[in-house]
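Per-chain residue numbering starts at 1, and chain names A, B, C, D, E and F are given in the order in which the chains are listed.
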Amino acid sequence: MNATDNAFILICSALVMFMTPGLALFYGGLVRNKNVLSTLMHSFVLLGLASIVWAVIGYSLSFGTDFGGIIGGFDFAFLNNVGPGVENSPAGNLPHLTFMIFQCMFAVITPALISGAFAERIKFSGFMIFTTLWIIFVYSPMCHWVWGGGWMGEMGALDFAGGAVVHMSSAAAALACAIMLGKRKGHGREAFIPHNLPMTILGAGILWFGWFGFNAGSALAADGLAANAFVTTHMATAAGLLSWIAAEWLHGGKATTLGAASGAVAGLVAITPAAGFVTPMPAIIIGLGAGVICYGGIMLKNRFGYDDALDVVGIHGVGGTWGALATGVFASVNAEGLLAGHANQLWIQFVSVVATWVFCFIMTAILFKIVDALVGMRPSEEDEVRGLDVSQHSETGYQL
Amino acid sequence: MNATDNAFILICSALVMFMTPGLALFYGGLVRNKNVLSTLMHSFVLLGLASIVWAVIGYSLSFGTDFGGIIGGFDFAFLNNVGPGVENSPAGNLPHLTFMIFQCMFAVITPALISGAFAERIKFSGFMIFTTLWIIFVYSPMCHWVWGGGWMGEMGALDFAGGAVVHMSSAAAALACAIMLGKRKGHGREAFIPHNLPMTILGAGILWFGWFGFNAGSALAADGLAANAFVTTHMATAAGLLSWIAAEWLHGGKATTLGAASGAVAGLVAITPAAGFVTPMPAIIIGLGAGVICYGGIMLKNRFGYDDALDVVGIHGVGGTWGALATGVFASVNAEGLLAGHANQLWIQFVSVVATWVFCFIMTAILFKIVDALVGMRPSEEDEVRGLDVSQHSETGYQL
Amino acid sequence: MNATDNAFILICSALVMFMTPGLALFYGGLVRNKNVLSTLMHSFVLLGLASIVWAVIGYSLSFGTDFGGIIGGFDFAFLNNVGPGVENSPAGNLPHLTFMIFQCMFAVITPALISGAFAERIKFSGFMIFTTLWIIFVYSPMCHWVWGGGWMGEMGALDFAGGAVVHMSSAAAALACAIMLGKRKGHGREAFIPHNLPMTILGAGILWFGWFGFNAGSALAADGLAANAFVTTHMATAAGLLSWIAAEWLHGGKATTLGAASGAVAGLVAITPAAGFVTPMPAIIIGLGAGVICYGGIMLKNRFGYDDALDVVGIHGVGGTWGALATGVFASVNAEGLLAGHANQLWIQFVSVVATWVFCFIMTAILFKIVDALVGMRPSEEDEVRGLDVSQHSETGYQL
Amino acid sequence: MKKIEVITRTFKLDDVKIALTDLGVKGMTVTEVKGFGRQGGHKEVYRGAEYQVDFVPKIKIELVVEDERVAELVDAVRDAAFTGNVGDGKIFVSPMDEVVRIRTGETGDEAI
Amino acid sequence: MKKIEVITRTFKLDDVKIALTDLGVKGMTVTEVKGFGRQGGHKEVYRGAEYQVDFVPKIKIELVVEDERVAELVDAVRDAAFTGNVGDGKIFVSPMDEVVRIRTGETGDEAI
Amino acid sequence: MKKIEVITRTFKLDDVKIALTDLGVKGMTVTEVKGFGRQGGHKEVYRGAEYQVDFVPKIKIELVVEDERVAELVDAVRDAAFTGNVGDGKIFVSPMDEVVRIRTGETGDEAI
């Protein structure tokens, strides 16, 4: 065991854990007052639910002995054979428990990301069951495919910290959910204005902070690669922030704070698959692209008419896809992309993108149907109008 | 000196420090609007006050040369003999200053925990004097007994990161304060509803994040034990969150966000004494127990009629006690509990629990009486009705 | 490369990054409702803008090959020659990228500090251009002078983590901006009351937390010096908090939460230049001094009649100056100050203080004039009265 | 002149505003209020303690109009705010002696 | 019909509501307001700058009632809101020409 | 007795309050409201979606006064609230039947 790497990855795990409350705030500020707690809860409760599902079965399906490149076995179920030493650890330098908990934090935030799509109109009971199934049947396979010895990683797809596993998967799920759940009541007639933008800015700040653990930690060691991933992450995010507000400024006449926060997240998303494979200047290009492309991405929902409440598809889907493809273009560290003469890498990336979208979309739709049949996914109209805080949780956010 | 351990514990110290602003928010969101600043202040000001008391005398009383197992000497007063090298350091791998500052953060948050009990009805001057005395006469002895070479540690009581030192001690103090201060004006007639639950959720998120430093850092090294403590902490917290909302759901029909936050804190409290002594699956059991038991614990105040405003007794007292006993049951790492065939350990834990409650309750009651006689602990009725923000601090929280 | 130091400084970099959202909240809570987003944005957008400017040119000007002690060359422009190995790294133990990104975070927060002076009355376009120029023409030279091999460092001026580079420079700029921009409309007639003090307290908590990365990280290694800087930082901050509220209590009759937050920041500022050069007890003295002196410092604006909206001069200017001089008095670690018999050090400190104030004030005034001529710095009266959130960003902070 | 006061659902604000401006109304004033009525409230639970909340968020729209326009405007408001469910709210009409426009000093119908 | 307006202490809201519903009142509307009066305000201090705050949080309860119930209800409100200390507030009674229930179109006493 | 209602700019609250207290007014009640009028609103944009916000923050000041003081007070308010720009707001005067001071039970002019 390498104590330095252990220290580094434990701290990184804490940072990634902190992203989920950060996401809760990021999303929570964007909804209306009457749904703030429900939206916070969709993220916060996953720190509980997803962690336990991960310990019980998810980790094992992801990193247990590979079956045909498709799924892991049950060897690590209930954290069996996962100890404080390096035995069985997928990362030989790290205690197995350290590797497991770092990955756990990814399994927590990924389903939380989806919740932006169905915000303000989902039953809490349905949400809990759906998410449990989703971690088992969508997240764990995806994670296995890419990082657990599955076919996508074997094919040579590059995904440093989760462009496919985290962002495209959640965005594909978000799209399915948004379509199947239908639009929020009043959509198109009432103004759905963020109720607390400072909360969203704080959330974005926490996300940025925690994302250093996400991306630099994905080096799984405190080496030069971690330093590189740290820097590319920061620079792409900075660039995404700037290019989004520049696009707004040119397009609508004003740079907005929500645009700055959104652009930063777009940059973070886009650099995620690339962080360890590109150098800082290409990272800036990826970030600049992310800001503009995702600004376009959020317009898609108006075009296609689904109600992706908090733009999961527009930011994580479009940004993650852009990042995955850009990795195939700009990769030059420990891998070689198009510009380094390997067009093939771009093709591999393309295949992984398509496979991810298709698999996650279809599986999510199936799970959604099942849970909808079991307990119902959408609250009654009256419950939705009163707000989910009161109707689902018997609470209200503020008494100011 | 081990540089890796030093790096790890310094970062852990920062994480523990961050818990106190987190606690401020956790508590601050639960009170009424007119007391939000006062409640924030009760935690925030201790970052100043408790740190200085610690440097001047508290650290020395806790970790100075032992006198009869009861208290430490004055050798480290004013941080004398506490330097950047390992000389005199209770942890030979760490600079003495590093060990001291890590412990300092515990001395800050412990008295801050008490403040939940007397929220909304205490004079600031009384609070300041009381807390100073409490650190010297209650916290420092407790800390010495358990970690500084005192009788409780010698007896073999297991307390990995402060079940007795931090949680039971503050809860016993909370109980004494709540009883002696009496109920808030309007208690039982007016609705005391949390004024800002998103603030409380954020606080819970920060607490969870910082608690990794608290528990994993208590390994005092970046080793497998730290990894184990990190994982048990996370899993117990996750389990506590889930079992609290499950209990609510069954009992009252709804899972609440405040319940999720409370259950998480209950899990964190309960795993604190156990984190380095149990493996992850028992940690989940401890967490599941904590959520349910503390949910019951918060009902005690209605039964016994004291006004423990923010449920310090119900969560930290009940949860800490449960965790201390559970450590005696489940210990299997570097110690052996009931299930490993050592019933005696459970008995030792029981003795330490009783001693902690009795000592801290009585000492707190004495200090309270003294300060009450000196400057008075309760503000005038008019001051309480106007709110402590205006009456104690000449400020108001919001101009929204 | 030293992996432990790399791990430590990467985490410290993340902590310093987090200070900027913290500062955004600290400032954001102090303005009026209608300017909250604009104020948050002044900090948040710099995470984007300043980082890119730093990568493109700022880092190179600061740490590139020295020209006459005045400025660095273009060798590191566009992060050329800045790689994941230690080649060219100013810190031989760290990957060059790690050193660069740690410094980057300082270049982000320094201009953000200035924004407290012109809050509530600046055009966003003017702000963006001004800040870009300021990083290039003020921050980068200052940074080079002190840490990049320039004359101030060569002269022997002690500035551990940025008393001159960060705090005095931004305060001098703040003073120039406050004077040249003029007072806010309604100044002296309307009450300018903080709209959300809990936000400010949270911001102060985050600043304190992140500042451990700032100061301990400035040791550039996870050694005893880092431990010392960590402890002096914490103790001075604690002392600053206490002495500010003590001063208030004696002066106005009440200790305020804003006072506690302000005193903590004053302590943080004052210890910044000294953190690695003094031992903990002198650090407490520096902190005690900071609280009282800065409490006096904020009164200066009334005396001299400039509208330094959020007291950048009073806290960062006065506190930074006090800290720089106190370093010359109390230095005893790796340097010797007045009390160690080297009066000369105090003289050197004094020269560096004067040079910093004069250079930064004049350069800022020039840049301000230029940008004011180009695009105008002050919004129309109507825009200012409506609030910058609506007029500059087409958003409002809250829909509560 | 008369004052028309409308208490209705918050999300009906825009509809009512449009109905009124369509009829040429040039000004109105809106307040966020909490209503108690037949509609009933809801239960809230904080750490096991139940509270009955009887007040529902509503908005109050006030406008002062010429006497002769009252009937027409009341009808327009009714149409715009109507959903048919309990909680639609009330329209109150009360007398108004005088109106002054601060900017011009105009009074009476001129000032509306 | 008359409108009764009560301005009183915020924590008296529940007591007043109960007193009114006990007498059969079916609806009322509440607004958070700030009151200036004999009660006086307080001082606030931000970074050494003192501000005198003259306004105290109060609530306003409005209800429209049948003419003949005014006296009885005013008495009930007075009893419920009374503490005897400065700042208890005021009850205002003013004329009301017409009431319409949006949901049903009922008018007059029927609509209350 | 009459009720004077003033709707004006938020930052004029202090000026109006001082003008009134200078004339011996002992009490008033203030509400934060949103005004729609000739002044016009502004545009807001969230992730590319534009919203027109027609309502502007205003304050409403209500005070009940003796009949004979109305003219004088309305003039004082007008002076204090006047800026000359669109959006200065309105003063409304309406009849008031009765006033009761909760603390003392006084009624009529005594209770003001």
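To be clear about the criterion, a contact is a pair of C-beta atoms (placed from the backbone, for glycine too) under 8 Å apart; a residue touches a chain by one contact, two chains touch by 3 or more.
What you are looking at is a predicted structure, and each value in this text was computed from that prediction instead of being measured.
*Asks:* I need the common contact partners of chain D and chain F, sorted by label.
*Replies:* Common neighbours, chain D/chain F: A, E.
*Asks:* Roughly how far is chain D from chain E, going centre to centre by Cα mean, in whole Å?
*Replies:* A distance of 17 Å separates the two centres.
*Asks:* Chain C to chain F: how many Å between their CA centres?
*Replies:* Whole-Å distance between the two chain centres: 44.
*Asks:* Indicate the whole-number Å distance between the mean C-alpha point of chain A and the mean C-alpha point of chain C.
*Replies:* 33
*Asks:* Enumerate the residues of chain C that touch no fewer than two other chains.
*Replies:* Where chain C meets two or more other chains at a single residue, that happens at 4, 7, 11, 191, 193-194, 196, 202, 252, 254, 256, 258, 394-396, 398, 400.
*Asks:* Listing for chain E: what residues touch at least two other chains?
*Replies:* 31, 44-46, 94-95 - these are the residues of chain E that touch more than one other chain.
*Asks:* Pairwise, which chains touch?
*Replies:* Taking the chains two at a time, the touching pairs are A-B, A-C, A-D, A-F, B-C, B-D, B-E, C-E, C-F, D-E, D-F, E-F.
*Asks:* Which of the residues in chain A end up touching chain B in this complex?
*Replies:* Going by the criterion above, the answer is residues 1, 3-4, 6-7, 10-11, 13-14, 17-18, 20-22, 24-25, 28, 36-38, 40-41, 44-45, 47-49, 51-52, 55, 78-79, 82-85, 95, 97-98, 100-101, 104, 124, 196, 199, 202, 392-400.
*Asks:* State the interface residues of chain C toward chain F in the complex, per the touch definition above.
*Replies:* Residue list for chain C touching chain F: 186, 189-191, 385-386, 390-391, 394-396.
*Asks:* Provide the residue numbers of chain D that touch chain E in the complex, in ascending order.
*Replies:* Contact set of chain D toward chain E: 2, 7-8, 31-38, 54-55, 58, 60, 74, 77-78, 81-95.
*Asks:* Flag every residue of chain E that touches chain C in the complex, lowest number first.
*Replies:* Contact set of chain E toward chain C: 44-48, 50-51.
*Asks:* Can you list the residues on chain A that touch chain F in the complex?
*Replies:* Residues in contact with chain F: 191, 193-194, 248, 251-252, 254, 256, 258-259, 262, 295, 298-299, 311.
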